[in-house]
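Each of the next two complexes has subunit A plus one other chain: subunit B in the first, subunit C in the second.
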Partner chain A sequence: MAQEKNMAVPQLLSNVELVKQGAEARVYRTEFLGKPTIVKERFPKRYRHPVLDQKLTHRRTVQEVRSILRCRRAGISAPVVYFVDYMSHCIFLEEVVGSLTVCDHIASTQQSESCQDQELEWLAQRVGQILAKMHDEDVIHGDLTTSNMLLRRGPEDPESNLVLIDFGLSYISALPEDKGVDLYVLEKAFLSTHPNTEALFEKLLKSYTASSKKSSAVIKKLDEVRLRGRKRSMVG
Partner chain B sequence: MHLTQELELFPDHRVTQMLFKEVKNAAGLRQSAVEGKINGALINPTMLVNPFQVLVAANKAVHLQKSGKMKTRSLYSEIIFNLSPNNNISEAFKRFGISDGDDSVMVVVVHNKDESELLADITAKVEGRQIPVEDVSSLSDSAKIKKLYKITPQEEKCGTLLDAVVCRMATKDVM
Partner chain C sequence: MTVVIGFEGSANKIGIGIIRDGEVLSNPRRTYITPPGQGFMPSDTARHHRAVILTVLKEALEQAGLKPADIDCVAYTKGPGMGAPLVTVALVARTVSQLWGKPLLGVNHCIGHIEMGRLITKANNPTVLYVSGGNTQVIAYSERRYRIFGETIDIAVGNCLDRFARVIKISNDPSPGYNIEQMAKKGSQYVELPYTVKGMDVSFSGILSYIEEAAHKMLSSGQCTAEDLCFSLQETVFSMLVEITERAMAHCGSQEVLIVGGVGCNLRLQEMMGVMCKERGAKLFATDERFCIDNGAMIAQAGWEMFRSGQVTELEDSWITQRYRTDEVQVTWRD
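Take a look at the complex of A and B:
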């Protein structure tokens, strides 16, 4: 049978709500098999050679679903994968309904002023614990920001309330170097989006150190990375 | 009693599930399915957590059929194969298809708009009592499901059993 192109997914996406467009992918909101769903589409990049583009896009799509599954297996909340189309490079994910990004939560708590410290400290501790767990599984998120963490409100236990999203740049690595850079990226993003949170980020790192089995090497690397920046010097 | 869901990706396709208990002719049904005389997939409901699990498998099967990338010979065998967490076809049939001695069966039919005739044909063939599809959870063997899909106790903390199962089904081809 001739392999005709299956246009079902692109056709669906042309009729649904576009939530966000980034450099790498577009995110849509729709209903899939009756459930609220987020579709992440990695569109073709015309500025790349088509063969290379196809390969990179495919690899990132695969990487993303692998990391999500790996995290979920370890008990780290991440969106459920409903369906993957490797031809149009679309991932159909559970929509975390009624959630708030950690970014928005910190911003609004900082504004409200009433008893904010305790609330945010608790949150920083949770984030530290979850990242420690993730790194202990050798998952490097690659794009840690407070916008890529969701707070799910619900009657469930606090364990499951923090959901990590956007594993688009993630990969598997056991190197303290990669984990250090992962934390460095978060530190940069955290301190630049939320002013005057140095003490809070300190709390986060403290709880990371306390929860991770391999934290000492990672923190040592983090100090190194702080001095030289994210990119390693390749001279010599 | 039955449950019909339109596939958003394939608007002219619908999936209908029918659940039967106290089935007396499982062996005969299986035989006619093998011979292609039954227009549907016969699934062992003890391996099902929720009707959504079947929908995910059916959607993927239709998708792969349309792209010419099915791993098995027919749409209905592909649905059974898609339920399995690994890529072993014969094992998938053994675990998720029905066996001769089974006393319950979930029948899955993929069809266009009008299904009444197809459904009547199925109900005529199954010698058993039809029960609401939503009751499938009362028949499921969660211990067996957890073991087969290798679901850890930690994973159940961050979501339901259904979430864990669906995740594995959706991602099995790259694991």
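Take a look at the complex of A and C:
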């Protein structure tokens, strides 16, 4: 009986559509209780030691669910968690239907000629506001990139349009150091993915600063971490 | 035909290599090896380089069967690296460039590693993991730059390994990393160590502090052996490196990985990366110690690309810099 239960989720996944293999997990699309659903399966990574793999996989599944709930409680858009199976390390999440990643949105807006500046500035401001709100809840995302933010299209008000995803590396911390590193990770991913967007990222930080009460300590740490970064290229 | 001679000496290796249109004609090298428990200091390293550089230069020309007149361009490492050794090598490069009447070219050390890796493995447009004593970066090319997607936020992975070797007095001959790799093969017990990944970035200073603190206690109480520690350290830090490489690949949609830099010749790292690549249908490219570890030919190869695209460095601009990021270089030789 127990054996059967353990196999239920893997069996289900063998029949559904594999959307992509990310760095962390395989992502499937299916229906769960009649709703469009994304299943994130953290399969064993055979390159790493089994003890380490088991520890990381379990911790990240727990952290992901925990942080999503915390964000949603604070009014930050993140996918609804429908179901979690800790045996097979699968999370069943709401599929954000009709969405595209901020990454793709920036790339396509940069390519089209017309009125791109205003459009992207608005987006940068929104991202800054939402990250400020998330950090005020002491949620550290851990893997902020433009691929991990979705834009939900539709007639809804702009407030709910930006959805944060992929909380696998997230954790709870009130330290300005951790929040500063979170922004540093985003800065590097942002600027390396989208060439010539320094001014845009400045806008994002400005909006973050204006939206969070605790931002001054975080920005100070961000500057510190950047300097640490400089040292890194000292020796070949 | 274009023949470029490359001078490299940014850390404890001094190497001079000659490249003719993608063919390595010669690539001699010397390493400054310190006693167990000690690192290499800039001034001592520079003294070592000064003592051997002319011998290495002579070897490079003799092995290639070339005379100075056959050389078209003199490339040298402009940075990043240790100041004193860089100055020493740049001075010799400047001198021979004027003696021979050949143009000079200052090369970014990291770009040298990448271009050498691309030449040897024929990888076309890979995600690059650059791991050495001073650098840990995940790099991908776009729009005329090698862009850094992930990197260490404190010390380099090679630095972490070297300093661990000093703590338990592992020999520096031929290199601490090589000896750790051999000892790790005899380790079996996995000791849990801190694991720090931040998106596509990593941190090693916490692991080093932890193991510096705990190593002697664990060894003297018989809790584990030195081999177990080597094994566990490698398994942990290499897992972190494979993870951020995979994350960068997923982020960029890339299906090729190239490993370069001194730590890149570690076979366990290559094996782990290979497993990851197989799981996602990607291809792994790696080289051996001749080209992974700092050498002259890599500077010659990057110099060859730059020279062919029309770059030269004027004498008054032929300075060196300890800080020179990979993404500062405008890549004029790729589309």
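Going forward, the second predicted complex is superposed on the first by the 216 of 236 C-alpha atoms of A that agree within 3 Å, B and C clash if a C-alpha of one lies under 4 Å from a C-alpha of the other, contacts with A are read in each partner's own complex, and residues count from 1 in each chain.
Note that contacts are C-beta pairs under 8 Å (C-beta built on N, C-alpha and C of every residue); 3 or more make two chains touch, one makes a residue touch a chain.
Keep in mind it's a predicted model, so treat the numbers as computed, not measured.
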| item | value |
| --- | --- |
| First (subunit B), second (subunit C), both or neither touched by A:Leu69 | first |
| Subunit B versus subunit C as contact partner of A:Asp143, first or second or both or neither | second |
| Contacts of A:Glu94 with subunit B and subunit C, given as first, second, both or neither | first |
| Which superposed partner A:Arg228 touches (first subunit B, second subunit C, both, neither) | second |
| Partner chain(s) touched by A:Arg48 [first = subunit B, second = subunit C, both, neither] | second |
| Touched partner set for A:Ser192, first subunit B, second subunit C, both or neither | second |
| Partner chain in contact with A:Val27 - subunit B first, subunit C second, else both or neither | neither |
| Subunit C-contacting residues of subunit A that also contact subunit B | none |
| Of subunit B, residues touching subunit A in the complex | 5, 7-10, 52, 55-56, 59-60, 63, 66-69, 152, 154-155, 157-159, 163-164, 166-168, 170-171, 173-175 |
| Complex interface listing, subunit A residues touching subunit C | 20-24, 45-49, 51-52, 55-56, 142-145, 147, 169, 181-182, 184-186, 188-189, 192-193, 195, 225, 228-236 |
| Contact footprint of subunit B on subunit A as seen in their complex | 1-6, 8-9, 12, 30-35, 62, 65-66, 68-69, 72-78, 80-87, 92, 94, 157, 159-160 |
| Complex interface listing, subunit C residues touching subunit A | 10-11, 77, 79-82, 109-110, 132-136, 140, 142-143, 145, 147-154, 156, 159, 190, 192, 195, 197-201, 235-236, 239, 242-243, 246-247, 249-252, 272-273, 275-276, 279-280, 294, 322-327 |
